[in-house]
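Both complexes below contain chain A, partnered by chain B and then by chain C.
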Partner chain A sequence: MKVTLPHMGNIYVAFSALFRALNIDFVIPPPCSRRTLSLGARHSPEFVCVPFKLTLGNYIEGLELGADTLLMAAGPGLCRFGYYAKLQAEVLRELGFQFQVVDTQPFEGGRITGIAKKIRWLANDAPWPKVIAAVRFALAKIAVLDDLERIIHCVRARELVKGTATKVWQEAIRAIDVAADSRTLHQTKTDYIEKLGSIPIAEDEQPLRVGIIGEFYVVLEPFSNGDVEIELGKLGVEVARTMFVSEWTKISLFLSALGLSPKREIFRAANPYLKRDVGGDGWESVGETVLYATHGFDGMVHLAPFTCMPEIIAQNILPTVSRQSDIPVLTITCDEQMGRAGLVTRLEAFVDLMRRRRRAPLHQGRGLNLAQSRKGR
Partner chain B sequence: MTKVGLPRALLYYQYYPMWRTFFEELGAEVVVSVPTTRAVLAAGSARVVAETCLPTKVYCGHVLTLVDKVDYLFIPSIRSIERNVYNCSKFLGLPDLVRGTIKECPPILDIDIDINKGEKAVRNQIHWLGRHFTHNPFKIDRAIRRALAMDELYKQTTQSGLTPPEALQKLGLDDSISGEKRQGRRPLWPSENSDLKIAVIGHPYNIYDGYINHQLIERLKGMEVEIVTSEMVTAGGLDAGTAKLVGKPYWTYEDEVVGAAGYYLDEDVDGILGVVCFGCGPDSLMIDVIQRAAKTRKNKPLMILTIDEHTGEAGLITRLEAFLDMLRRRGSRLAKRGA
Partner chain C sequence: MEVYVGIDVGSVTTKFAVLNEQNELLYSNYMRTQGKPIAVIQEGLRDVAAHLPSEALIKGIGTTGSGRMLAGVVVGADVVKNEITAHAVGAAHYVPDVQTVIEIGGQDSKFIILRGGIVVDFAMNTVCAAGTGAFLDQQAARLNMRIEDFGPLSLKSKTPVRIAGRCTVFAESDMIHKQQMGHRIEDILYGLCEAMARNYLNNLGLGKEILPPVVFQGGVAANVGIVRAFEEALKTQIQVPPHHHVIGAIGAAILAHEHMSLDGRVTKFKGFGISEVEYTTSSFDCKACSNVCEIVQIKMNREVVARWGGRCGMWDT
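Then we have the complex of A and B:
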């Protein structure tokens, strides 16, 4: 049995730690690339969203490397996501691959014990303490990754030689991936914090600050959003987001399974504009825009997969939020047709707009959504 | 009298008789928007972002025609009407989307229907809705009972073989055309000399909105084709159809597409015509499931028509005619082989 799973940002680091600790044979598919996307897009329904296409591509590449067990997320929810596993398995069978599916249910109705049981089953019924220790170590790895990423966001906008932080970040991911025990992990974290601290930066720089919001997959998987955070960093913009892999795991695997919602503040902020959960992350997108505006951010970048209905609802409501909270919002629709040049041009224009707004604080420029700027103003 | 506006879009074709009965029992006047026109669609499209799906654009257009005619707009947020089966996001966010994009809109009656919160919660929401019109809870209860009875009657009428617009006509609820105009119109019920029977599957708001699909249903009837739809299948038949194709249902209005397809794939129809709109989230996956099922069965021709506001009438007719030609030739070939 050889397990594989799709990519979503750095979540594979956690899973490979888990599999290694439990002696489960596994293969991590190569990172998302143009090939992944074109493989996925070729075999997907035409109008499906890009997370489906990319993860399907990951499975194909994983199966090509000899995997025979696919870890798939499934379960009822408020977007297409729950249907994925069923259809992807069917597509892959039609392509002639032989495999079995292990489905996990991380969303509504999903129970934390359910996932743990699946992992334990994969590990040939390893004793519970061993499973729990492995899960804890895996989660610790993501926590370290996320802590470092927050620092990266800060350094990237200020560094003197553009691209240095990103290079250190790549090294850090590799180092964390190979860290075999908690002590090495801790040491790696300290080392890299130091390394990042020694990158020469423009000390007195007050970079523009932009909040990243949108659908969780395209936010967390840099390939799917054209590395928007790196591109913004190159333009001297500091990005912030509330959605990190560790947060996402914590919320969707643990807190929602226990019936807790740590997002109450976000939902309260969204309430004047959007009163209810519309699936995906539409509610969060609206609420976070309001919150970031009150924290003095210069703008928002809203990432949405093409034809993602929850985000389209948010996108329709965001111009109102933008006007009333006085914060510009740029929506970027992610799909296989997205080109890097077009993305960078739009980001540059957006950055220009935010700079001008900052230079003229008295002007109190009315917020606007670039996608909407031609109509309804 | 308090006027309540009901847009002639999205869930109108399923629930209009029920909603109308409910509001009228409470002493309100129900105002329905006129059938979709080019202007209605254009006005709706201008308010929302381009990626928004066609039915939602149409819906916003209908809301715009009602804004200065009514005291309230009834736009429910229907999250779930079956346990652990959820609705497409557009039905959840509809009241907020309308409020956000159409500023001049009158107060919206936006009840939340979520059966997962329990039947009592749903009933409370309906009572909250009723209290806008009366303070007598018994009157509200009676209105609910009568509304449900009307809904039952409407369902029976469609299951007897009528499409929703025909059923509305039969029940005297169709106010889309004035009296004398109705006189001159061809009756819609099944024509006597049809030689083909086609199942038209898709969401009612795509199939029965004659403007967005270029009068698809009437055109088919004009081509001597008998039409069957998901409304003519019993709830049990639809559930079985869904179970056959996808196992457990996942979306609330999945039956209209997957259930009907599952049912008609093994029924005595000459072909299946699927109607979807560009960018529909649920349909993007459901249609794929149906195409796979049809491919494995091999004996049931299936054509998918994708519509949006740019769909040209000529192209649509050409495809339709080609499909019917193919079915007729296939029919005569099969007959010859049988003879």
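Then we have the complex of A and C:
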């Protein structure tokens, strides 16, 4: 048995740690690339969203490397994501691949033990204490990655030589991936905090601050959003987001399974505009815009996969939120047709817009929504 | 005399504008890019040199448009700006209290909302070309008429027909269908103008507060039929500023002027001599990772002066 799983940001680091600790044979597909996307898009329904296409590409590339067991996320949510595991398995079987599916239904029976049981089954019924220790170590790795990424966001906007932080970040991910025990992991964290701290930065800069919101996959997988955070960093913008891999894991795999929601504040903020969950992260996109505005952010970048219903709902509400909260919002539609030149032009114009707003404090321009035109083909 | 130059390298046309210290337009030209941006930039620069008084001294130069990076490298620009900002600055120069800018060029269109002179919102449409100059050109050619006659003829229409304007292919087949039904040509032309205005407002104007003064610029603003169609759709008067086809270049020149007026900067302009230098562009696939990015490189007299195009930034100069 050889397990593989799709990419979503750095989540593979956690799964690699878990599999290694439990002696599960596995293969991580190559990072998302143009090949992944074109493979995925070729075998996907055209109007399905880009997360489906990219993860399908990941599975194909994993299977090509000899995987025979696919880890798939699934579950009853309000967006069609819940159905993707079934559909992707069907597509892959039609392509002639042979494999078994292990779906991580986080909400199965409303109990968290569902996932743990599946992991234990993959690990050949390893003793529970060993499974729990492995899961904890994997989560510790994501927590370290996310802590470092927050520092990266800060350094990227201020560094004197553009691109330095991103290089250190790539190194850090590799180092965290190979760290074999908790002690090494913590040492790695300390080392990289120091390394990042020694990158020369412009001290007196007050960079523009932008909140990143939208559908979780396109927010967390840089390939799918045209490296929007790196591009903003190049333009001297500091980004912030509430969505991190560790948060997502904590919330969607654990807290939601236990019936807890840490998002009360976000939903309360969204309430004047949208009173209920519309699936995916639509409700969050609305609420977070309100919250970021109250924290004095200069603007929002809203990432939406093409044809994503929850984000289309959010996109249509955001002009009102933007006007009333006085914060500009740029919606970027992500899919395989997305062009880099177009993205960069929009980001540059958006940054100019925010700079000029800042320079003209008397005229707190009524920030309207920058809803991008829907894509026509 | 001190002058500032703006260059707008668009997908279909390349525009030059020369401004004096007071930001008054001294000279402009408008050329087809024809897929050879470097040659056109060099030719435009020769043309500018020929039309400038001998005492003129270039104090700053700015580039914009989809070819702004390339143009910036070739001429040695002080400012390389996106076309949204350049067009907004240009529009506000002619209509200082402008609140809405409609810009339709050869291949894309823009919509810019300003309040109190600053951009507060914008949209760009580059995916669908149904409402742009290239399509109008193509239709004029198909009907065997000059593009200059398109607007005046369409205004003669009394009962415009409804054309499906969402997509160029459908619009064209719908126009052909209406022709075969025997509709008059002016009614079909004005129907197309209405369809274009409708399509533009539905796509780019979505969720935006459109307030007057509304300025319409870009090459397509020369078409009086489209201007009328926008006025009818928006129920407001539309202003087409002077030099509406080179506003982007004017904006780039103003931005260069603004930039150079800060603490004694010296222009990076490489001089008119560059119109005689040999520039070559080439591209190659980077094999460093599975992305296989296409890297573009520009050589000046066989020496690499710029490279871009990779996802990771490893080739960026």
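As a convention for this text, the second predicted complex is superposed on the first by the 367 of 377 C-alpha atoms of A that agree within 3 Å, B and C clash if a C-alpha of one lies under 4 Å from a C-alpha of the other, contacts with A are read in each partner's own complex, and residues count from 1 in each chain.
The rule is short, and it goes like this: a residue touches a chain if its C-beta (ideal position, glycine included) is under 8 Å from a C-beta of that chain, and two chains touch if they have at least 3 such contacts.
Computed from a predicted model, the values in this text were never measured in an experiment.
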Do chain B and chain C fit side by side on chain A in the superposed arrangement, or is it a clash? fit
Vertex chain A; arms to chain B and chain C (CA centroids, nearest 10 degrees): 80
Could you tell me if A:E171 is touching chain B, chain C, both of them or neither one (first, second, both, neither)? neither
Go through the superposed model and pick first if A:D125 touches only chain B, second if only chain C, both, or neither. neither
A:S33 in the overlay: touching chain B, chain C, both, or neither? Say first, second, both or neither. second
Under the stated touch criterion, which partner chain does A:G342 make contact with: chain B (first), chain C (second), both, or neither? second
Is A:N316 in contact with chain B, with chain C, with both, or with neither (first, second, both, neither)? both
In the overlaid three-chain picture, which partner chain does A:P328 touch, first (chain B) or second (chain C), both, or neither? second
Shortest CA-CA distance between chain B and chain C [superposed frame, angstrom]: 5
In chain A, both chain B and chain C touch residues 316, 319, 371-372, 375-376
Tell me, which parts of chain B touch chain A in their complex? 46-49, 51-53, 77, 79, 84-90, 92-93, 95-97, 100-101, 110, 112, 246-247, 250, 278-285, 287-289, 292
Tell me, which parts of chain A touch chain C in their complex? 30-31, 33-36, 162-163, 166, 227, 230, 316, 319, 328, 337, 339-342, 345-346, 348-349, 352-353, 356-357, 360, 363, 365-377
Within their complex, chain A touches chain B through residues 45-49, 76-80, 82-83, 86-87, 90, 94, 109, 273-280, 282, 306-310, 312-313, 315-317, 319-320, 331, 333, 371-372, 375-376
What residues on chain C touch chain A, complex-wise? 66, 81-85, 113, 115-128, 130, 166-167, 203-204, 206-209, 289-292, 311, 313, 316
